[in-house]
Amino acid sequence: MANSRFEYVKSFEQPDVLLPNTWIVVRIDGRGFHKLSDHYAFVKPNDRRALDLMNAAAVEVMKELPDLCIGYGVSDEFSFVFHPSCQLFERRNGKLVTTIVSTFTAHYIFKWSEFFPSTPLQPPYLPSFDGRAVIYPNSRILRDYMSWRQVDCHINNLYNTTFWTMVQQGGMSNTDAEQELKGTVSGDKNEILFKRFGINYNNEEEIYKKGSVVYRKFELEEPTPIQTSVDEVSPLTEQKQSRSQQDKIKKLRRKAQVVVDHVDIIKDEFWERRPWIISGNPGRLPA
Amino acid sequence: MANSRFEYVKSFEQPDVLLPNTWIVVRIDGRGFHKLSDHYAFVKPNDRRALDLMNAAAVEVMKELPDLCIGYGVSDEFSFVFHPSCQLFERRNGKLVTTIVSTFTAHYIFKWSEFFPSTPLQPPYLPSFDGRAVIYPNSRILRDYMSWRQVDCHINNLYNTTFWTMVQQGGMSNTDAEQELKGTVSGDKNEILFKRFGINYNNEEEIYKKGSVVYRKFELEEPTPIQTSVDEVSPLTEQKQSRSQQDKIKKLRRKAQVVVDHVDIIKDEFWERRPWIISGNPGRLPA
Amino acid sequence: MANSRFEYVKSFEQPDVLLPNTWIVVRIDGRGFHKLSDHYAFVKPNDRRALDLMNAAAVEVMKELPDLCIGYGVSDEFSFVFHPSCQLFERRNGKLVTTIVSTFTAHYIFKWSEFFPSTPLQPPYLPSFDGRAVIYPNSRILRDYMSWRQVDCHINNLYNTTFWTMVQQGGMSNTDAEQELKGTVSGDKNEILFKRFGINYNNEEEIYKKGSVVYRKFELEEPTPIQTSVDEVSPLTEQKQSRSQQDKIKKLRRKAQVVVDHVDIIKDEFWERRPWIISGNPGRLPA
Amino acid sequence: MANSRFEYVKSFEQPDVLLPNTWIVVRIDGRGFHKLSDHYAFVKPNDRRALDLMNAAAVEVMKELPDLCIGYGVSDEFSFVFHPSCQLFERRNGKLVTTIVSTFTAHYIFKWSEFFPSTPLQPPYLPSFDGRAVIYPNSRILRDYMSWRQVDCHINNLYNTTFWTMVQQGGMSNTDAEQELKGTVSGDKNEILFKRFGINYNNEEEIYKKGSVVYRKFELEEPTPIQTSVDEVSPLTEQKQSRSQQDKIKKLRRKAQVVVDHVDIIKDEFWERRPWIISGNPGRLPA
């Protein structure tokens, strides 16, 4: 074909397949959301509409990609997790990341007017997201990743809640509030909230304190210690799964409802009662 | 900080900086656009609204990222080119690709209703795009890449035009048309179009035959042979550019109008008259 | 410093750090050993001197790099394994591989005359080796890797033993022997050896049938099932190891004798009785 | 075959092909040569035997790998350069680096006794080398790399010559000499050498001041400015080279003598008179 003369340029494409049998986390982040949240007057410290929109877009991503086993969102970031057995797009890094980033962006823009009915998008101020993939060799470290994000959520939210209360209710300037909070620990911030403003941080909404977990819902199980390494089993075992078994699994995943929770994912309980997330084997569909 | 206990998971992130002093091409592709174009009843072989929407989104990407020196689009794909001197996001692969994919998607979704006023988007059928970055060591190969895409445009468009004319005007079945076209060369297809349907392929619209080039418009220059390697000069030279020079360049790029052309980019003329694309140095703004 | 003018070239070096918490296998292979073994008249199918030389060089590599937990050699190849907790050279791929390849080569050349006293090396026929690193996310897969090499050893040795017996004792031509062996299974080869030549393959030397395992010798333990994932534990645990603990471990590793065994490493027993290989924690030194 | 059960482990090997049409530099470095040079009592600041041994090993590497176009050595390091058109080992990073490291090590160990006849190697003090590959997109930057190494050679040699003269002839302690040299520039060191010890640095041996260049010798040409980018030409041109042309080139390269020079490689002259190094096209063999 006439084209072949230039086709050598394809040889410059470099493979980017992610190591087999590892957890893949794709984390996306809002680009320039600081400026954006000013422009669209997001409520401080948390804009419920913005978080709900993030979650709604994340649910659509989960639905479109049944290979995803869990997602976790806080502020303008969202992490999506593929199971070690995932073979989607032959595990190509670029393909996985851009597909998630683009799908998320599409739904975020499309649903904007639903969550911000009175604040239309105004180009060039269109929200967009960047993303990256990181792989983790076992479920212990994957859980440490998830814990890292949830601890981060807690730390930031406690800070932001205190800061904005001092500003909004306490009438302090941004600079003064920032200055006073420098070097404080959690206890100090809790005390400021409680003593000065009568706010018990524990009573704040869970979505702000815990962030948002999205996953497919099967019937909860009795909390039994997770097999340390259901996911670490040799791939030999998996190879034995027949094609029809795999199809059955896919179908079950598609059938399961994708839910949004605001719960602790650092302790074992969340994972023990939902063993399908780590094992990759769908549980029983709720009646 | 309490968070540090889990922070070690950050050490699993792997760097993905692209080789310095090389051309970076980010090509994005519509995901599942075959199905999508059926769903929204795109006109065959070319839907002008869909192409105009692609171009409109591409122009926005060019505007938002002044580091881009040229883009080329055909069908549901678009290639965006960064100059070897580009330092955006420290040349991180993932960051560059996802930013372009997400920005493009955002504008594509947002502008949809403008180009398809009577065909609203219907989730879950939302358009999305994947993308990848490829680097090329010099401008000769970069141009071969661009030529590759334009030749591809030509080949596909000639085929599609012939195929759909046989089906739509000739009343043939898809299978019969496909069968007859198997193994034909360009001359054969031109002849079918002309002899059977009185269509001179040369008179087809340029946007279909040539695809779409987007770039910043400065005053055209007299076609003089390009210094083979303005772009290949040692980075030593670049380092000497003062900060204020760099800022001046950025400003000029932002001021320049981003235009969409449907012209030959295989021959030298396009590049010789627009030397700023390869050199990275803005030309003179049109009066 | 005057040098700085050219120092920018360092920025073209790309990082190659291997994913943390994974097993690193460095496999080296003799370059052109087919031709080399002809030149130096290696005995067929197995040259004991050549294998002993490989093992002697491997033992030196193990001694020089206490981070190595096990090695396995067959023919002109050797695999060396670093534990997931290994931080040597910050886990840089190139540094790890070239260090092993070079150290192995140095000892191989240096010791040649000891093992081939009457066959001096004749340049340009100097033995050399290439190498590569592969990472494996857990011990189950690492063991599958080791099993893969030992099964390969078995298959090749059975073939070579049969082939060369047919040629050397049976007086067949290489081509005829090759032809007859085409498509045979293990049973067929065992039968040829036994029926035609009275050779019971099981009585062949273990070093030929099983290859060579090198590791640090501590006191064997009672075979208890290995904790599935001693190696998969979160790195959080490791971080708690004090510097002095780490030094103690290093010292114990250096003290332990490096031994060469020719035993089964596919079944569990080898690993269960030597738990220090997978755990990375030295056992008790033999009295 | 029985082996297939474990063969899946091969899928963990990751490709490491270097970008096409770029210069490949493999630089190797002596491991722990500081300690080693003490052990074998290398002469300070420069041990001629050690440098000659480095060069002898480098010449063997050049002979064994005709794809190499030039090498440059200083102290215990050596850089080897492959042309952008090089296809050896499909340009696999690991394969190229380990082959060079191992071949170099083999010859270094083998030739040791020739250059150090009265100082036999004593294990475990065996010399070894590590290495890495870096790619450069054009000949301008490649030359800057070579200049970087030669400037480094100059800076280090001037320092070392001054330091050791102060210690050996001036009777200063290492610490005192180090202290006095701190913060000095080239002029200061030249003056110390000349005023205190009557040494004109310019008269030092070229091998110490310039390092060692190894390359294939063809007839020198009249110094004409190098075509800026003979190497940057589109690979399209190369593809047209017939197999027989390529074989002829290989043969010429093998025939050419590999020579060792101690000359300036920063200025243009060296490259202009030996255009075959950058062009990759062998010159005329000397009569």
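For clarity, chains are labelled A, B, C and D in written order, and residue numbers in each chain start from 1.
In this text, contacts are C-beta pairs under 8 Å (C-beta built on N, C-alpha and C of every residue); 3 or more make two chains touch, one makes a residue touch a chain.
Just so we're on the same page, UniProt names per chain: A, B, C, D = tRNA(His) guanylyltransferase.
Just so we're clear, the structure is a prediction, and the values are computed from it rather than from any experiment.
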Q: Could you work out how many touching-chain steps separate chain B from chain D at minimum?
A: 1
Q. In terms of CA centroid distance, which chain is the most far removed from chain B?
A. C
Q) Between chain C and chain A, is it the same set of residue numbers doing the touching on each side, over half shared, or a different set? A) same
Q: Mind checking the centre-to-centre distance between chain B and chain C? Centres are C-alpha means, answer in whole Å.
A: 50
Q. Roughly how many whole angstrom separate the Cα centroids of chain A and chain C?
A. 42
Q) Distance from the CA centroid of chain A to that of chain B, rounded to the nearest Å? A) 31
Q) So which stretches of chain D touch two or more other chains? A) 5-6, 8, 12, 14, 19-21, 135, 141, 144, 235-236
Q: Take each protein chain as a node, join two nodes whenever their chains touch, and name the resulting shape: line, ring, star, complete or other.
A: complete
**Q.** List of chain C residues in touch with chain D within their complex
**A.** 1-3, 5-10, 12-14, 16, 28, 31, 60, 63-64, 93-95, 97-99, 101-103, 105-110, 121, 123-124, 126-136, 141, 144-145, 147-148, 151-152, 155, 186
Q: Can you check the complex and tell me which residues of chain B touch chain C?
A: 5-6, 8, 11-12, 14-15, 17, 19-21, 235-236, 239
Q.
Using the touch definition from the top, list the residues of chain C that touch chain A in their complex.
A. 19, 21-22, 84, 135, 137-138, 140-141, 144, 228-229, 232-236
